[in-house]
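One structure is given here, and the rest of the page talks about it.
For clarity, chains are labelled A, B, C and D in written order, and residue numbers in each chain start from 1.
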């Protein structure tokens, strides 16, 4: 394995969820080393956070401009190679652009920019720079999403004629139904949150999932939003009719008021020969349907999967990848115990569990070898 | 957040899956720093691996005895605090014991020891040491397993009268059905793999899950193994009748020849008032059943969950925890691209995806505001 | 139980599936007696079919006009009371109208008419007649569909703000993709099959399901069809944006080219307080979702269900209603055996099964009472 | 289709569920005509019930002996051919025996007899008689159960090495946990209910399902019951270890105290090449699993199914067979309306639904043809 890549981070300090997600992701395959950052606009908090997470503080900068200035002084073999942009949405564009202009690789959170015009400018900057630019449409990392893409490319569905994608959440319900909240929350203020809430935040994921998996481009669309209340100016629900061509059509459905839905991203792709169905909340199950054969359930980690899919699987089949988190929870419990912090009984398995386990194993052997007799445990 | 805990690692070098799992888990909550290790019995490989994963090599030791000797020379505030034991099974006992005897905290892989006698000796050493000892029964880290435990403790099921736990895998099929393989593979050699294959390796997880979630202790058991072939000496399948008392009974079913099963750990717990059902392959869904009410599906991250459960949830409801891995796969693609390694098209979302996304969002707004008209994408 | 109702049947002879469905349905609750019929336009086949299914032939008429003429001569207490119209679509309107005009009750297959104008004329005739008219939107008979309706009426969802209904099938794929077939099949000929294929045949079921369960009326709609080929004039796929009011919206999706989908009728109804999800292919499972509580699964036959739902449940909870069919298959096997027809081994359980079963039961008791010992079966 | 078979019925009068089930099943394929019966030991109720369900009363007999005596006087071509025995369990044996001795075909409810000795006597009587004898292990009529049997016979699983069957219900919970009830209810009185409750009533179904689908015979078993209370003498839960041979083993699990389980019959069959999983509560889904291929979902009505399976499918794929019941519920609503009985709004679709439906269809066409414009409904 080659030396780790020097990673810079902009934003994502403190309790930021997106910060945790990017840090953990950068660790998982042992490829990156966080080398420098501006975690926080407040320099003291910035340094404090770096200390907490054991990032050396010598390359924690007071602001983004200093970050660029100082890093550019370093010789190329020491300089940060790639920078993750996790700042508020309106900063994605200027930061990404300056990074590209200075020859950095960029990993950029979504939305890439706040307007299409900015996006095109960034695209031009990227073409000039010739560096790597990645946008974190996270779900394209799921092994079964990648499997869909590869199988479609290989012709498993034949000509595609119908696509149905959905992203339904319900989290905005308590906000939208409360007049005081919906008038004041920044997420429903077009000045702060941009031109679209539901489509801009989640509909675009469904859109990307269609183009990523099928390789088709949507040519035109017709859209109907729902604002739910007259005094609300941001879409919180909408349906988009889409056309890939005159005879290849589909629908994208998005909602933030789909009561009880959690993170309901799903896609169905229908072709002449077969179809795929996949849901983000059960990401390890990919259904391949046909009019004449039994439906097949593809799962990660099997040899029948494509290289692109297998590359994204770290554990044997049947281990949901969330098992990392499960193990992490045990490490968390141990950390609390070591530090003498309060923790709940049950946060990690103890010596007692170990003794009981050995007792169980020996008892089963004794029972079987004794002719299937009852054996008492100690 | 306090300073990171100094973590030592024994074993888990090279391609070891268990090594990846423990390293990632230790990173996820920013609590641990890998400070020293014996990754590999070969010192050169040991150092090489440390360099690959950017662990400083100054405390990479040539063997376990040196590890102990050198660490003990360090002042307590620099010394490794906790050590993860990931070596082959027969080494768990001597290593864990020596670590405890020298005052280290221990995170030990399963099985804790190879015999009950060893387990008892270790238990005594642990009592003397007074340090933390954790056995990695990983699934007890799942938020919904913890939720079961807390709700049962709070009386949600009433008196429990029946328990049914299962751990079915099929991976040993290609080995067991091939005479040459089954005669030679170390896993089916009692001298190398211990007294039990199926019950020792996976049945014990089902056993632990019962005791962890219910707080009940199994008092006696009756077991029947299946060896499948006369020339095989290790159980590859078995059923265990269990009794918690004269009128509280159950069954543990284990198999490594359950064709097509991947990692089928599941438990059903029936009480006077209600019952729970949980399956490891869909770890975010916990079913609470009753004779008179609709079945309820509990999911992680909701306010209705217990503190123990919520503590193990890092993301909002509906995000399967495996999303970390999905994001990690994108980081992996970027790493390959930066290093100029070969990678598949589709390993990370690109600038093109970003421009298309902005185009989509603006088109939806234009269509809706234009009175639900068709809008072409660029 | 009162005397059976005299039922007449128009159409549905020979191998007609719809004929089987109506005959079986009329038998299930012991309410109807088939008293007269025109099963078939060919009188000889008509009589022959009546004999086959043991309907007395004295009131099997040569055509519909004779049916009306002769029945009207009978005294009211002998006359057919209700007539099921199972003829080809274009005959529904004239037959239903004449039946109503003559004072019969009517059970009419779908579509009720071929145009809205006819529908209005029929409505007027029905108002004059004052008899019962039922349209067989079959799925409104499912216990859990009825449960949705009653709970919504009782306010379980609060104000509804979003509805998403789908009816996806794939059966037309082999026809539509074959130029010869799609040019000649009557179902894609507007002259024979009416103005719409997908929406007329199945979209209308999704439409009806929305209005039946929610009590809301769709005020306006916007629709996009897909014909798939330039030379095809009938919609085989389409999406309909619907508005119940300015702020209550939804979508109806229909397809006959959704590859691999069988009979995928489904509905999600989102309200301020909670939501429902139901799918026709798993008709016994009704999901009630909320943003703050665990999802609940309602099932038929429980005391927690409404009267309207319970009325449609004939068996205890957990018995899928299809168990009637399962038992019917055993009766079918016995019938073949009695008649000396060829039948497959396994079409009905035999004496051998009975003896084995008693052996099993006695052996289990002997094993348990003997102290959990092995008992051989005979 | 040949003339209907003359069917006699013993028991099953009044509100008897088993009576409904057998009557409906006998109607479904138009093969049987109920010709004579002793529905009820009380002659007046017997006649009354026959009138209610429109069975001619001339062959409704006062008791079973008269039934035999009178039918035997009739010429063979008029005599009842087959008789369904639906009486209380202890009468199955004497009635079935006398029927066989007199040359009748018999359809007998489960349990066939109350002891193995009786079963053997009956078996002998059957061999002498040479007529048809069918035991209604109802679930063997499910299309996907039949499909399992045929595929196993054809070698789809290879050599079977492990079987796991379960029948879990929870209905006895409210009885068993109430001391007064459990001491007095006939079902827990060995004198009235026989030697076994859980195994005798439902465990035997799981047993039969194993032998029916696999063609294997269980050679020996070891069983552990749970009585739950010291003062209860009948098993309400139990686990049975089974051996088909020294290296083919399995387990049967039965319970009537599995809280919240409804009718949880399920089976998993593991072979060298593949495995099957099927559950009675989702009877249309049969899972075929393998260690190396994607899991396949077989469903009824497809051409890929065996003849034995297809023979038991009356409707196109995707129509759960329970659709008969759904249609029957609509017929029930109409019957109530015709008779002027009270009924709930929503028991059958009305003229209004028909008009709305035509309005919907025409509006979709107008919207699409108008260029995807909004169209108001009337």
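What we mean here is this: contacts are C-beta pairs under 8 Å (C-beta built on N, C-alpha and C of every residue); 3 or more make two chains touch, one makes a residue touch a chain.
These figures come from a predicted structure and were not determined experimentally.
Fewest steps needed to get from subunit A to subunit D, stepping only to touching chains, is 1.
The chain pair B-C and the chain pair B-D differ in C-beta contact count, and the higher one is B-D.
Computed from the mean C-alpha positions, the centre of subunit A lies at a distance of 22 Å from the centre of subunit B.
With each centre defined as the average position of its C-alpha atoms, the distance from subunit B to subunit D rounds to 43 Å.
For the pair subunit B and subunit C, the distance between C-alpha centroids works out to 48 Å. Each of residues 171, 222, 224, 241, 261, 288, 295, 299, 372, 374 in subunit A touches at least two other chains.
The part of subunit A that touches subunit D in the complex is made up of residues 222, 241, 288, 292-299, 302-304, 372. Taken in their complex, subunit A has these residues touching subunit C: 157, 161-162, 164, 170-171, 173-174, 177, 222, 224, 226-230, 237, 239, 241, 246-247, 249, 251, 253, 255, 257-261, 268, 270-275, 288-291, 295, 372, 374.
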